[in-house]
Each structure stands twice: as C-alpha cells, then as structure tokens.
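One chain, chain A, links the two complexes that follow: it is found with chain B in the first and with chain C in the second.
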Partner chain A sequence: MEIQTTHTLLRVNNLVVEYQPRSFFDQVKPVVSRAVDQVSFGVIKGETLALVGESGCGKTSIAMAILGFIKPAGGEIHYDGVELNELTIGKLRPQIQPLFQDSGSALNPQMKIGRAIGDGIPPGLPAGQKRIRVLELMKNVGLPENLYDAYPRQMSGGQKQRVCLARALAVGAEFLILDEPFSAQDISIQVQLMRLLRDLKAALGLTLLLISHDLSTVRLLADRILVMRTGKIVESGTVTDIISKPQTDYACELVRQAGIKP
Partner chain B sequence: MSRIFNIVWKNRNCRWGLVILLPVFFAGMAGGFLAPIDPIRQNLDQVLQAPSWRYLCGTDFYGRDLFSRLVNGSRITLGLSLSAALLAVLGGTLLGLTAGFLRGWVDGIMMRTVDVFMGFPRLFAVLLVAGFCRTGFGATVIVLALFVWMETARLVRAETLTIREALYVKSATALGLSKLRIARTYIFPNLVGTVITNTTLLIGTLIIIESSLSFLGFGTQEPAASWGTILSQGRIDPIGAWWIAVFSGLLIVITVIGFNLLGDGLKQLHDESKL
Partner chain C sequence: MTIRQPILTVHNLNVALQGAREILSDINFALPTGSTTAIIGESGCGKTTLCKALLGLLGRKFLINGNIELGNADGTIAVIEPAEANAFTAVRGRRIGLLFQETPLTLNPLLRIGRQIRDLLPHPEQPKIIHLLEMVGFTDPQKIINCWPHELSGGQAQRVGLALALAGRPDILIVDEPATALDSIARRDFFDRLRKIQIESGLTILMVTHDLHILTVAADRLIVMFAGQIVEQGACQSVLEQPAHPYTRSLLQIDRAFRNGRWP
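And now, the complex of A and B:
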C-alpha cells in the first residue's frame, strides 16, 4: 500500500513586505506602501500552488521575499523547516530557483547559452563532463545542441525560457518560482512550456509556485489556488473550487475575465 | 576581429574617427622612415624657415625640422595619453565596479575619495607633484591618470548600480554564485562597451591635458618633443613663426576630434547593442 505524506516544503507566516520612499520629496512626507499584508500559506512538496491576482496585488513581492531579494518588514519564511534569513539564504538559494516573465532579461546578454546553463552546475566537474551535462539538460528541456554556442539575442522567447529552466535544473532546484513565465509567449509556446513543466515536475518531483494574473493558464497546471488582492489573500481552494464555486466577487470577476465556464 | 572591424567601419562616426586617427598612428609608428631628419638635430643656418618642399612644416628657433618633431611627437603624445588613459580606466573601473556592486561603507569611502580628488584644484595638484617629482614618462603618465580617473570611476559605478538590479544578476545570485564571480562574469562583461567608449573620449581629453602641461613646462621636457612642447614654442613669435603654433595646434585639434568621433560612434554601437 502506498503511503501518502504531506510535507510542507515552504511555509510563509504573516509575511509583510513594505516599500520605503526613495526620492527626496517622498521622504519629506513619508508614505510607506505595503505590498504584502500579513500573508500566510504553505506549499506542500510536489504540488503546484498558484498565486493569482491583478497586477500590483503583491504576488511578485512574495516571490522576491522568498528568493531573498527583498527583506520582509515582518513575518517569517521557512523552507524545509529552516527559516530563510541572511545566514541561511546562501545555502538554500540553489534549491529555490526563479523563472521570470522576461526570460530575455534573465540571461546575461554577453554569455553564451552553454556557459549560462553550465554556471548552474555545482563546481568540481571537469570541463568535458560539464559540457555533456549541459547538452543533456538542453535535450531535457527541448533545446537543440547547436544553440550551445548561441547568445540569448539569437534565440526566441520560448527558447530563452527553456534555457532558464535548464539552468534551474542544472543547479538541482527542488522548488521553482514561476513568475508569469508564459505571459510573454504566444499560445502555442505557452502550451509547449506548460507541457514541459508538467512532465519535468512529474519526472523530478518538483514543487512549483506559479504566479499569474490569468486563471485560464493557471488551471492547467495548478493543484491549489490562492487569490490575492491589495496585498492580502482573499480566497483559497482547489482549482475546481475556485473556478466552479468562487466565494468572493473578486474571484468571480477573475473567473469571468478568464472566460472559463465552470 | 574582422567582424568587429566591419561593424565599426559601417558606423559613420567611427569611420571618420578612424580615417583621422589611423594616419596619425601610422605616422607615429613609421617615425624616422616618414621623417628622416633627426628631430633634435639643431641647424642654426636654417632657423625659422617657413614651410617649403624641403621642410614641409618649417623649422623652429633652433633650426630643427618641425615635421620630424611633430611625427616623433605623435609617438610621445599618443604614448603618454594612451598609457595614462589605460591606467585611469583600469583604476577607475576597478574602484567604480567595487563601489557600485558592494554598496554600503565600501561605496561610501570610495565615492568620498572621488569627491576629494574632484574637489581638489587639479592644476595645483599637478604643479605640486611636478615640483616634487622628476618629470619623466612614468611620472607624467601617473599625473595625467590622476587628472581623469574619477570620471571613469563615477561612470562605471553608475552603470554597475543599474546592472546589479538586472534580472540576470538576480538569477546569478539565485544560483548561489559568489559575489566575485558575479562581478567578474555577469557585471564586468556588460560594462566593457561603456568602458571602451569612455576610454576613447578620455584619450582626447588627455591629449589636451598633456599638451597644456607641456605648454606650462611640466610635461615632456626639451629636447624631446610632444605636440604640447612644440605648441608652447609657438607662443614666442605667433605671427612671424606662425607655422609652429598652427601645425602643432591643428594636429592636436584634429586628433582630439578623431578620438571624439570614434568615441561617439562606439557609444552609438554600444547603445544599439552591436558591440
């Protein structure tokens, strides 16, 4: 008999993210903007949790706080039982990898693709084996070998997103934060990338935090959905729950905008 | 290499810049082949000869052939300016990159140092250094570099501040790469275009500064000739011996224009992401 365990890989408790005024005139009359307001949730190992809401609702701020790029004004983030802070983030970082909306900007324009992916591979591997490993990763994400020596400017948006994915796999990531990874792609590329992510997740046991404003793409990948508005979680549930029985007016509006029939 | 040359040659500013600069460089390298008369040989029978077929640019107060002195002077002037530019750019880039990338107290100390250097009257500083040190090639290069390294440091710092916020730097940070590796392989390669552009513009500025220092008697010393020392001789009799000031002055102006055109062109190419 198979034993099902639910292990919470990421836990966010009462997270608060605030942006301080930066210009001189803002400091004369300080207005601190609170992007994330006391948000708590957990991500179970192996699941895909989606954060859905309109632009500016605080989804990306949560992602940046998890990645350690923003220092939270309050609350805690635990990854695999370890609190993420300045001391622990360095060791835990490779396990948590982002995939950004603008994949072109996520790649060093002066670095060839083979090297960009190879940068993710932990040091110590001889150059020959490193190249073999990079080519293997390129194959896994559906990139042709001849792109090994290409620069990002010579590739399409979908190919660049695959490079970012290969780099995340190279470093041995367990947890991927996907920040609107499909919205800059056309429909056919979106479908291909979603299939690829679904297959890789199944094969490698990845855990995904999917950030999107679009319920129609989210429902194809996510297991659970958190609906966010003005820095707060206003509704949560399984994909079926949110789509067929939305509890708040805001969730109803999102379902309607996505053109989904329950 | 030929691909880069083709890209550079296709840009109008770069092309004109190279058209001006390449002959100056080749003249400097050809030296004695192009101007066979010894540039420091005095001939008191031929003092202040106007330009002629024998003396293309005339002669100076000691009967020395001005064309030979200008050709040889290009080696000294360009050698000094290029060496000083290289030193200033190396130092300025290293400091600017470190300050912009590390921020915090490192940035504070480095940028206040830049402020001190910028606030200090530079001509006075040069006179001070020149008063205490023996003037020679090395000392002049250091003095020239001290004149200009701050601009490079500030420019590189500003550029680094922008690049460190780029998504590809965030992605590299997320990979767990060390700060040194990120600075070396993610930030520096993206600064190269700006640094090259800045260097060419800096060389133009340094030619003027070197000429001014030599004019004041603190750069290259007689009998060696840089364009500045030749120009300074021109002030003795600017009407009667007009050719001394006119030819050396023209050469300085044209070369500076050449470097500025090349710098502008390289900047355009960099902004269009062609370099």
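And now, the complex of A and C:
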C-alpha cells in the first residue's frame, strides 16, 4: 500500500519494561524480569504496523507502556513529537485508544450500550445531538440501532468488540492499539471485524498498531511487521518480506506454523 | 485405518433449556477406541453443551434425552442415562477425563502443583507424579511440582491441566478448545504432545477446536455442528476434501483464502 506522508506518528526509543517481584517471599531475593529490552521502532501516520511473536515475548507490555498503563524502566515514547509521560498522557490519551481481546470485561455490565458509547463523546454537545452522534458511530461500526438500549450481556462477542471500537472512535481516536482483537472470535466473525477495521482505517485515516500471533490475519491488514522474541525485535520488514523471505529461524518457524503460502 | 470398536456411542441425544429452545437435537455419533474426533462449528452451535452433556455437567436447568453407551475393558457395555441424577459420578474424571480452555481457573491458587496432582491420584506416590509431568512434556518435573499456579505460563498451565486430566487414568479425554489461548507454536506443541500420549496409552480423544489447520495432523475423525445439530461427520481427510454442508464449505473457503493471503 502506498503511504503518502512519511510523518512518524509514534516513535519508541530504547524502551525497557521491567516487572518487579510480586510476592513477599520473592522480595528476599529480588528477581526483576525484563519484558521489553531496548526496543526502538516508529509507526508512520496512516500505516498498520503489526507486532508478532509468541506469548510472553513483550508485545502487550509495549502496548501497555504506550497507553501509559505501566511506567517504562527506561527509554522514551514520543507521540506526534510530544514525549509521553505523566504530564502529557492525559491530553494525548483520547487520541491513543486500545482494543483488547476480551471486550466483555471492558464494558460496564450495568450500563446500556448507547450510554457506554455516549460517555466517550467530548463534552459540549447538546443532549439530542449526542444521541444522533452515538447512532452514527454505531452505524459506522455496523451495530443495529436497536442495540442502543441493550446491555453488554445481551450481545455477542463480536458485537461487544464493535461497541469498544465505537467508543474508541467517540473519544476521537487517531491511533488504535489492537491487542489480539480477533483471537476470541469465530473465523467468520474474525473476517467481519477485519473488514470493518480495514474500511474504518481507510475512511478515517487511522493509524493502527496490531498485536497478534496469527500471521494469516496480520498479513491481510498490516503494511509492516515487527517480529519479537524474548523482549527484543528480531526482525522487521514489509509483510511480503517477512512472509516470503523470513531471515531468522524464529520468523521461519512462525510462518511455517501459520501454514500460509507466500 | 482399521475399524475399531467404539468406546463411546451417543444415541439420539437431545438437550433443551427448560421451557425454552432446544440446544442440541438428535445427536448421534460414536468414538472409535484410540482415535481422536474433532468437533468444529461456530460459537453457540452447541459444541460445549455437548461436551458438558457427555460429562453430566449441565445441571438441572436442562432437559436431557437419549443415552450414552460406554464400552468397558471386559467387552461389556455400560448404558448411561444422562437424565438420571448421579448418572455420571462413577465415570467423570475416572473413565472420562476433561480439560477445558481456562486451566488457570481450575487450579487452586493456594496449593502447589505437586499437591494438586497428588490429590487426584488413587495411590499417590512421588514417582507417579513425576511420570505424569514428564508425560505431558516437562523436562524438569521437580521444579513444576514446587511451583504455585501463578508462576506458570499459559502453555505450562495447560500442560498441568492435561496432567490433572490424565491423573485418573481415563479411557476417554474430552478437551474443549484446549489451545485457543496459546500462541501458534505452543499450540502445535500441545497437539503433538496429545497425539504422542494417545499413541502411547491408547486414549480416545474428543476435542472441540476452531483451529482448522491443526485438524489434519491432530484428528482422525471430524464432526461438523451447526445450530445444535451434527450436519456432517466422517473421516477427517474426506470431510475436509469433500465438504457436503454449505457451512463447512464456507469455513474451508475462508481458511484457504487466509492461507493464500487473500481476503475471503
């Protein structure tokens, strides 16, 4: 895919994420585990960058650090030229929105869908306008209008995933971090959600960071792939490069296990 | 493959929620001894309900009809009437083992792994625990025995779950989406391990999965479910090569497109 601007929206420099021992007994002999080890990469505005690798390789830790959910032990993250830290994260977070695997747990079970999405809309809109905006967002993500008054428990997994997407758009997301967004769904629902993401990205000019271990879905959505292993990036390149000419043994293994053809 | 005596046969199984719609209707199938049968189908088609029905885990809200025949080692057949209370107490965990997707939830967070396996063994001896853990692929069983559940990775927890399921020495193992939470490499490893255990011990396996490209290596027979019914069943290879039902066809079409890097 052609990318018109080469403006780097997100820049990660030498990021280090470490986890401290949790239990009391571990503190006697502290073992710090390093989940992300000196990782640097950039995400260009309008592209889809995929992070692939096995469980525990640090993919999600990178996402958590970008979202400000965990404090990095080293390195820095710049979004649109501004360094992300405690002072700036509040202002920038509306633009950086996550979508996780288990959307059900991200929704308040006592809140109707219309309100869940509506609460994300920035203040200042009259009440009547707000409802119209929510319905418009629901239409954008392919949710029928009658779900406005539904509760999360009345919806399927794919629908909840759409609600979370609508909520991210309501806040004004420009950069979406998708952490295994499809892996809990059936293959036919996966295809629907993938199409939705592709279309939304094209319509709204979103930038996506897609975290997944499934190369067969990643290759259809992503422009570039970063392959991670034990906290480090071991390989990076365009989708065609990684799939047809993987350099490292690990990337070869990933391509082989996914059972895909170049 | 030679035709083997089925160890488990399900006759006309119907399951309905009381006063509501039917969840499973007219389920008939047999599990040949020592083979792996995979069940595929979309969410909500009744795969998990079927597994639970075979284990007597559905509870009183459900109306269950039909019967299950379980082959004994001496050649006789025991008939289980799922509608009867306590019909499964003698078989669950002993004749029929179970492993579900979220093993971490089934482990007691307050007991070390070794203790949890010990509690399930009829004659708990240390070498047996070590043997079980080696069987499921741990190279350092002593370390795992001393681990707390929270110290295990997802793949390790799933293998501990497998060891727990095998502790009762079952003839049949029912696994419901055992590897969905694992990444592709750990997943392949898990299925290879399961296959090896089956060859060594002659275990019969019924597994629910939605991973199509694991089927050809992990399963002998395939059952396709749609809206509470079995729409297709047969040898895995022949169903995949010549799918008869439109649902199976569309599923395989999507899978093929994914592998070739096209949008379905």
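A few points about this structure:
The rule is simple: the second predicted complex is superposed on the first by the 258 of 262 C-alpha atoms of A that agree within 3 Å, B and C clash if a C-alpha of one lies under 4 Å from a C-alpha of the other, contacts with A are read in each partner's own complex, and residues count from 1 in each chain.
Here is the rule we go by: a contact is a pair of C-beta atoms (placed from the backbone, for glycine too) under 8 Å apart; a residue touches a chain by one contact, two chains touch by 3 or more.
Predicted model, so just to flag it, every value in this text is computed and none were measured.
Once chain A is used to superpose the two complexes, chain B occupies space next to chain C without a clash.
In the superposition on chain A, contact is made by A:Gly259 with chain C only, not with chain B.
Look at A:Gly157: by the touch rule set out above, it reaches chain C but stays clear of chain B. Vectors from the Cα centre of chain A to those of chain B and chain C enclose 70° in the overlay, to the nearest 10. Of the two partner chains placed by superposition, only chain B is touched by A:Pro98; chain C is not.
In the superposition on chain A, no contact is made by A:Lys245 with either chain B or chain C. In the superposed model, C is the one of chain B and chain C that contacts more residues of chain A. When the shared chain is aligned, chain C comes close enough to touch A:Ile187, but chain B does not. Once the two complexes are overlaid on the shared chain, A:His7 sits clear of chain B and of chain C alike.
Of all Cα pairs linking chain B with chain C in the superposition, the shortest spans 13 Å. Annotation: chain A has no residue touching chain B in one complex and chain C in the other.
Chain A meets chain C in the complex at residues 53-56, 156-157, 183-189, 191, 195, 213-217, 219-220, 243, 253-254, 257-262.
The residues of chain C lying in touch with chain A in their complex are 42-44, 153-155, 180, 182-188, 210, 212-213, 250-251, 254-255, 258-264.
Residues 67, 69, 90-91, 93-94, 96-98, 100, 102, 105-111, 119-120, 153, 164, 167, 171 of chain A are the ones that touch chain B when the two sit in their complex. On the chain B side of its complex with chain A, the touching residues are 166-168, 170-177, 185-186, 189-190, 192, 273.
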